[in-house]
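Below is one structure, written out as structure tokens; comments come after it.
Chain naming follows the written order as A, B, C and D, and within any one chain the residues start at number 1.
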Amino acid sequence: MKILKLPKEKLDLFASVVQQFGELHAPVEQDGRYVFKRLTRWSDARLEYDRTILPPKKYFLPPREALFRYRPGEGFVPNTDGLDQRIILFGVHACDVYAINILDRVFAGKYKDPYYQARRKNIAIIGIDCLPDKQCFCRSMRADFVDHGFDLFFYDTGDYYQALVGTALGDDMVLATGNLFEPVDAAEIDDYKRRSWNKRRAFQVDVEIRDLPEIFEMEYQSEIWDELGEKCLSCGSCSMVCPTCYCYDVADDVELGSRAGKRTRLWDSCLFASHALVGSGENFRGSRSSRIKYRFYHKQRGFVAEYGRPSCVGCGRCVSACPVHIDVVQVIDRLRRVEDVASR
Amino acid sequence: MSKPTVGIFGLTGCAGDQLVILNCEDQLLDLVSLIDIRDFLMASSENNQDCQLDLALVEGAVLSNRDAETLRAIRKRSKLLVALGTCAVWGGVAAMNRGADRDADRDALLEEVYGDIGRGYDSTPAQALHEVVPVDFNITGCPIEKEHFLAAVASLLNGDLPLYPEYPVCTECRMRENNCLLIERGLLCCGPITVGGCDARCPDLRVPCVGCRGPAGDANAGSLVAVMEEMGFSRPQLAARLRTFAPGGVA
Amino acid sequence: MSTIVIEHLARVEGHGGITVELQGDTVGDVRFDVFEGARLLEPLLKGKRYDEVAPIVSRICSICSAAHTLTSLKATEDAFGIRVSPQTDLLRELLLRGESIESHALHIFLLAVPDYLNYPSAIALAADKPAAVLLGLRLKKLGNLMQETIGGRAVHPVNPVVGGFGKTPSLDQLIELRSGLMQASADSDAVIDLMAALPAADFCRSETYYAALRSPNVDSYYSGDEVMVVSAGNRAIVPAADYRSLTNEKAVAHSHAKHSTFRGNPFMVGSLARLTVNPRRLTGKLAVAMKRLKLTLPADNPMDNNKAQALELINDVERSLEIIEQLLREGVKDERAMPAKPRAGTGTAIVEAPRGLLIHCYTYDEEGRIVSADVITPTALNAASMEQHFRRAVEQCPERDEAVIARRLGMIARAYDPCISCSVHLVRKR
Amino acid sequence: MLLADEVSSHHPVLSDNPYQPHMARIVRIYKMVENNHLFTLRFLEDHLAHSFRHQPGQFIMLSIPGAGEMPISISSSPSRPEVLELCVRRVGRVTNALYRLRTNDVVGVRGPYGNGYPMQEIIGNDLLLAAGGLGMAPLRSLLWYALDHRDKFNNITLMYGAKRPEDMLFREELTALVDRTDINCLLTVDADPSATWKNHIGRLPSLFDHAKIDPMRTYAAVCGPPVVYKFILQRLLELSFPKNHILMSLERRMKCGIGKCGHCGIGYKYTCLQGPIFTYWDAINLPEMI
């Protein structure tokens, strides 16, 4: 991997050059929170942000997306609107890049999702390193660093950004800037290490995920699930804001007065009562507690069986989006806690 | 295939859902060419008040014996009866105090407002349509969303029942990437227990949801109230707020 | 004795009917019956917090929902002593104009024009004269777009809140509105052409009292807190807080709407009243149009209200354009609503709804909860005047033909553009 | 005019779109049981009709334009190609829309999906098919596959139960098997008010009394409503069946059929990818399986 550095004062210049590769999107402030948005001017970008309300997944798997248009006589014609739009996402945190890498695996495999993949191909990612706040636990989830999935990744090492070049496109971006980027020397390598060390110590939240799948199995009947079930509002907020929740629903509609129509997919959540309801009226997860259990179980245990790691990246979004303060970290802590059997 | 016969009716309400139909400016002429509107008092002075209807769209709540009779007559002549709007589906604002002592004494209330004459008025506590006659399906909202109405007609013309979201306003609010008013600003937002479909219209404008669409299918009002009490709201205040549009919806 | 009954008025919002009793040639009892169910919204407001009030009273009526919302906010702001920003005032005015455009377009094109041309509905009219209906729909859509842009929804606005707005519309949104308004401005000749070509409706002459909001410097629907009553050259001013001297409502047995008189005389509110009270606006384009419509003020024919609506429609468009230009010139800021500090007291507000004066008066306790609420709507204010005009029309009808009389009464009723669900409002007896 | 498939195959981005339904014509609708019709489909494009191959136990995603898409098991055997037979029960929105269609109307099909029965393992062994009610739909494919490749299997036993004779799916076809010697076809009904039924009367598990089963060399394919699973499994376990010789077909909500939409997850498996055929061992190791 190519590693270079960019003097901080040249970042603006870099941003203006890089626009030739696509529409620039970055976190901007919205009443004190942040959202990824198309930039109207570079000065709107907020690269030192905590977390965006929605993760970058909205670019790859939009909340609502027409998959097909249907016309009698023509059948289902794929909708390709917006699929080849070139976008540069500037300022994606490591955990979010990690999450995209996870989605990549879900939408690949034997049946590749061409909509996701087309967007993924056309959206460049320039990552940026960050410092954890009190809700971040990406380090525990092993997602505080990424080594692929981005085109460029910037580390703030003081006067410079140290830049990891991840792809040929990233390299093209570097080259397009002429000689803005410089090689790194030993001093910067030390700066990087120092920063890495500081970041590690800055985490305030820590959870242990080793052998968590086993503990989940053992605690499958735990009363924690009933308690959570009583609290959970089934509002779906956690799933919407999660960078790795990808459940979707599909619905067909017709146009007024014709048999033509379209097929749309839209974000769904396993916390909704309809999620596991089938035509016969049977609901495999009818109770709210079984649903919230499923969410945790699938992220922290099911995904491990399938893909070798939990799908949670520890971004902390669901913790801050839950109106009734359901907190993954606390739930995992409680599941891990050793309790005196006699007091149960 | 002959066009389905349709009647559009208003019981007691603000006529907002009928107005939404008239607000489909771009589709109105298509609409009237696809369906045979036989009875629509708000828009036409030539109405057939007896014919059989394939579809009756009824807005408003039942607030008088006269309303109840009208509704029964509509039910009798219609194959499908659709409740249009929160008043028809849940009772709406007129029903907010239902069950409370004050509302029970209707005559006293009428007198309070109209004086002695009030006692003679034909007036009953507000009821949703389904409390009086069987209803085939609901299009909720105060008022209904235009798109839902058009989609419903399109589906019905195709022979399908329409599909509506059952998830709460929060889901769409999050999809639109709004700052959460409840969590971040401590405002009393009914989004978590109100059924979605409005695309989180109010929170998107930084105005808390007042629950105008009625409760979500799986509303967990108890848990929301508990959290809001921790935030410093009083239980009666919360109960009153949550019942503004749908007294029967949340306990 | 015979009785003429219009069971259920069509093409009006809500449920009402007309009954006329004739003894030979003399006209006995004339009644405008409202049998809209009583929702008793005012007593239901008791105990509600100030921020819950507007969304509830908005539901009094859909066609006037923006006016109800804004009157309510204004009354609450009056009670708490909140002064909103000038930008808020402008945007609220714009919202009201949007509602007025929608309401007038709906009334003129979908309800009144078919009436004059003897069609049962706009749907029937559309088959023969699609251009007229399409013109109406286009204007109506613009009015709705304005309400959606500023109010957040075409019916029952959600964006206006105590102290201002949830969110200020963006520059792009205002620019979009401007292009719609410019197109509508180009349509105004067509509106006048259509109205001027309608057959005359001259079957009810009567000296009439008119009441409307007197605006301080511009012809505003929203600002101002005095009502002026005009009759045959006499003018009287009623300050908002004294609104009861204007309304002195009394409940009547046959109707769920209450009747109002000023010094014993019924009076008319609405478009015709507004033009009569504020003739200042009738210059330029409007003066020409007024001539073409053969309208003179003060008018003695209630049917002229339709002409006045057409003039207002044009004026609404022009005025909205001015407001948008001003906003664009001065720049729109994404303001937050003024903070509300509840205090005990009473607040009164008067606004011009599309159908005329709308009055809200609230008394709050120190925690900002409603102690009592009083809502007086234009249709209720008009009820006595309407009955008077019904009577005149019957008296002035040479033949005693039921069908003719019924048709004329229906037309007068519709010319008033009554909004019956509005009229059923409930006030505590004093 | 280009067909949708061609359009998609020409689009540079969506050339290989697994969500693309391929249009098929309804060639026959046969009312087997009230609200359980058998639909025979043939792809509009001949090359698809020729090349479509599936495993017994697999399913397709069936689109009714305008109404939606749903998973339906393939009831016909791969040994009888060119058409697809689907046995669909009318339960809701999409199935209702299908029931409105007539022969020659067009629907969308994509697939086949799911694992299907593990034919490599089963071949050479005895086969027991046990179904109740609508459970016959996925088993029928396996049944005819086995009968058409009779030499590859040892003893074949079919146990099928319905409430009444008129509720029995594929009734004519199955009663015709009763006299065949290369299969032990046991059919039973709970009751026979019409008194015309010539086969067994009684609950499905009672058929075990008429079958000779060697658990160690038999694969049992079971399908039906939950009660059927409950009682059949009980009998099979009493017979000490190896847990991975019991094959069950499960139903879950599905929106994609290809492991993306998340609806059919059970524990850590997806019914559409790792199922819908699961062994009993999987079942007891996955929470909420049945």
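Points to keep in mind about this one:
What we mean here is this: contacts are C-beta pairs under 8 Å (C-beta built on N, C-alpha and C of every residue); 3 or more make two chains touch, one makes a residue touch a chain.
None of the values given here were measured: they were computed from a predicted structure.
Annotation of chain A and chain C: jointly contacted by B, touch as defined at the top. Per-chain Cα centroids separate chain B from chain C by 25 Å.
Once the centre of each chain is set as its mean CA position, chain C and chain D turn out to be 65 Å apart. Taking each chain's centre as the average of its CA atoms, chain A and chain D sit 38 Å apart.
Centre-to-centre separation of chain B and chain D, using mean CA positions: 43 Å. Residues of chain D in contact with at least two other chains: 66-67. Multi-chain contact residues, meaning those touching two or more other chains, occur in chain A at positions 251, 253-254, 259. Contacts between chains, counted with the stated touch criterion, involve the pairs A-B, A-D, B-C, B-D. Of all the residues in chain B, the ones that touch chain C in their complex are 10-20, 22-23, 25-26, 28-29, 32, 37, 40-47, 60-64, 66-67, 92-94, 96-97, 102, 109-115, 117-118, 120-123, 126, 142-143, 201-202, 204-207, 210, 212, 237, 240-241, 244. Residues of chain A touching chain D in their complex: 67-68, 70, 72-78, 80, 83-84, 106-107, 109-115, 118, 220, 246-254, 259-261, 263, 265, 268, 270, 275-280, 284-285, 290, 294, 297-298, 301-306. Touching chain A in their complex are the following residues of chain B: 27, 30-31, 33-34, 150-151, 153-155, 157-158, 160, 163, 166-168, 170-171, 174-175, 177-180, 182-184, 191-193, 206, 216-220, 222-224, 226-227. Chain A makes touch with chain B in their complex at residues 30-33, 35, 53-54, 58, 63-64, 230-237, 240-241, 251, 253-257, 259, 267, 269, 272-274, 288, 320-321, 323-325.
Put simply, chain B touches chain D in their complex at residues 158-161, 163.
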